[in-house]
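In this document, chain identifiers A, B, C and D correspond to the written order of the chains, with residue numbering beginning at 1 in each.
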Amino acid sequence: MQRSPGDVPSVIGVIGESRFSDAAHEALAEGVGRRIAAAGCALICGGLGGVMEAACRGARAEGGMTIGILPGSDRQEANPFVDVAVATGMGQARNAIIVLTADALIAIGGGYGTLSEIGFALRHGKPVIGLRTWDATRAGEHVPIVVVQTPEEAVGEALRLAATTPVPRA
Amino acid sequence: MQRSPGDVPSVIGVIGESRFSDAAHEALAEGVGRRIAAAGCALICGGLGGVMEAACRGARAEGGMTIGILPGSDRQEANPFVDVAVATGMGQARNAIIVLTADALIAIGGGYGTLSEIGFALRHGKPVIGLRTWDATRAGEHVPIVVVQTPEEAVGEALRLAATTPVPRA
Amino acid sequence: MQRSPGDVPSVIGVIGESRFSDAAHEALAEGVGRRIAAAGCALICGGLGGVMEAACRGARAEGGMTIGILPGSDRQEANPFVDVAVATGMGQARNAIIVLTADALIAIGGGYGTLSEIGFALRHGKPVIGLRTWDATRAGEHVPIVVVQTPEEAVGEALRLAATTPVPRA
Amino acid sequence: MQRSPGDVPSVIGVIGESRFSDAAHEALAEGVGRRIAAAGCALICGGLGGVMEAACRGARAEGGMTIGILPGSDRQEANPFVDVAVATGMGQARNAIIVLTADALIAIGGGYGTLSEIGFALRHGKPVIGLRTWDATRAGEHVPIVVVQTPEEAVGEALRLAATTPVPRA
């Protein structure tokens, strides 16, 4: 019953707004969740509503595993499609845990918390794929977010980059 | 595919030493893991070796779900019987997450890290069951650890107390 | 010797790159530190090198108080101009502590860690003043960073906004 | 204005109950605070009431520096004798930060949170001095808390051990 290292499935993070700023984001998030599960990967997110809930619902519909890293100290805060709810009691600092645990992250829409997760992910060398999410520039250079248009592309890029990025695990 | 609240299984924490101080602790930990899984509960622990690994191995043997909350930032540090490895990058402060997520905790043997987890658990009103673990006293009073002798008793008490303790989720 | 609430000085956060991407950033950071101290405020930062060290050096030169919230577990990692070094052992998640403790933040240059701090700050409703730092856009809207050109303007805006922003302390 | 390493004063942690379980603990805590300040050391604590407030009041009376590592996200929660209040937003997990930052810890009375801090401190190899605080035993062995009777002895032992303990800063 011991796993060999090769058995460990990838974990894909889904980050994004907890209240939809655009109705189209719900279908995108659900589609991303479905494709993560269909690829045999686990989904990790912040465990709450909006993009997080839609993505978990999609993954659950395909029989996937969903992990929610909650800001509060009560596991019951998780959306009903989270399989493994982790209560951190750390508030927004829990965003760092989502990023460290994921092999790649898909950002959908998003508020300022999502921007902090993108910063963390890039800081730790984790690939970030963007669907209608933030762009950020400094001194004329853009952050290396891989911009895509569809859930299929998002998950395809996440899997490709998770497999090939030599992650400098801080 | 949405869960009703009653569907959420209990999560039982197993805390204890990462290197066995007594050979008997390994069998106790494995037995505790087996019984947690047999009861349909998920097991959460610190994800490393010793008591954590033996408990996960026992749970896995019964087809249970195991969650490891790691101190480091690399998911690969988890023992091979962890299903869901969460990389916190927070060092020993991750002990607070194990406690907040668990409905009850079973301590087996244990070093100083285990003592910190017992303190956290009692601080948050979570039941603690002890198998050959710490006792602590102050001003003539003992901490309210439920002392038991066997894995059966440990898991039985954990389930009973998890179901009946009104947890003051701070 | 008890303080009245009005005695509590403002705490201004300085965030930015740990290695200078542009030689001009060092003088900007030192000037910001000087003016924070001259205004009677404490300076909080990540405690390491680059922008953090230059800002602390400036504040120290004016007799100010400097606080460094370190990612590691050894207080000795702090740059030599930190008065109060706090060892968190939490890695980049310590960025959330800097943001929560500051009344306003001044970003100078900056890498991906700085971007995570900007996201956290905006998420918690803390004012962010930018000197040659990130811009971020989503759906055609820019993040509300107050862009300035000089240390004088940066500290002036930080003090003005710290005093007038009703902070939703989440 | 750069410090040489030898200039860094010791930081002594004071841990204990937030509500006095015994009236004598207040005078002990205040005396400990006074002597920490008189020795030229900074005092770090959890920043709230009870033992934490009495110790800060004592240190302030001697012109000492006091640091409060708060569980919440609002700096204003600190007791009025804290000079440097750090808002962590991490709840009880902030106990790990107090321990990592201190060179030695003095425990006075104490509840379950104090027990968690004692466990963390011993786990990280930091000296713990006890004034009417917890004792803990496992397999017939006591934890290595240095038990003393007076504030003078407590601070004397803390300084002696902080100077001579080769801290394995994990």
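Please note the rule applied: a contact is a pair of C-beta atoms (placed from the backbone, for glycine too) under 8 Å apart; a residue touches a chain by one contact, two chains touch by 3 or more.
Because the structure is a prediction, the values reported are computed rather than measured.
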So which has more C-beta pairs touching, A-D or A-C? A-C
Return the chain whose centre of C-alpha atoms lies at maximal distance from the corresponding centre of chain B. C
What whole-number Å value describes the gap between the mean CA coordinates of chain A and chain C? 28
Between chain A and chain D, what's the gap in Å when you average each chain's C-alpha atoms? 39
Sequence positions of chain A contacting 2 or more other chains: 73, 89-93, 96-97, 124, 170
How about chain C: which of its residues touch chain D in the complex? 1-3, 5, 8, 11, 42, 57, 60-61, 65, 67, 69, 73-76, 80-81, 84-90, 96-97, 100-101, 124, 169-170
Please name which positions on chain A make contact with chain C in the complex. 21-22, 90-93, 95-97, 109-120, 122-124, 132-139, 143, 170
The residues of chain B that touch chain C in their complex are 73, 89-93
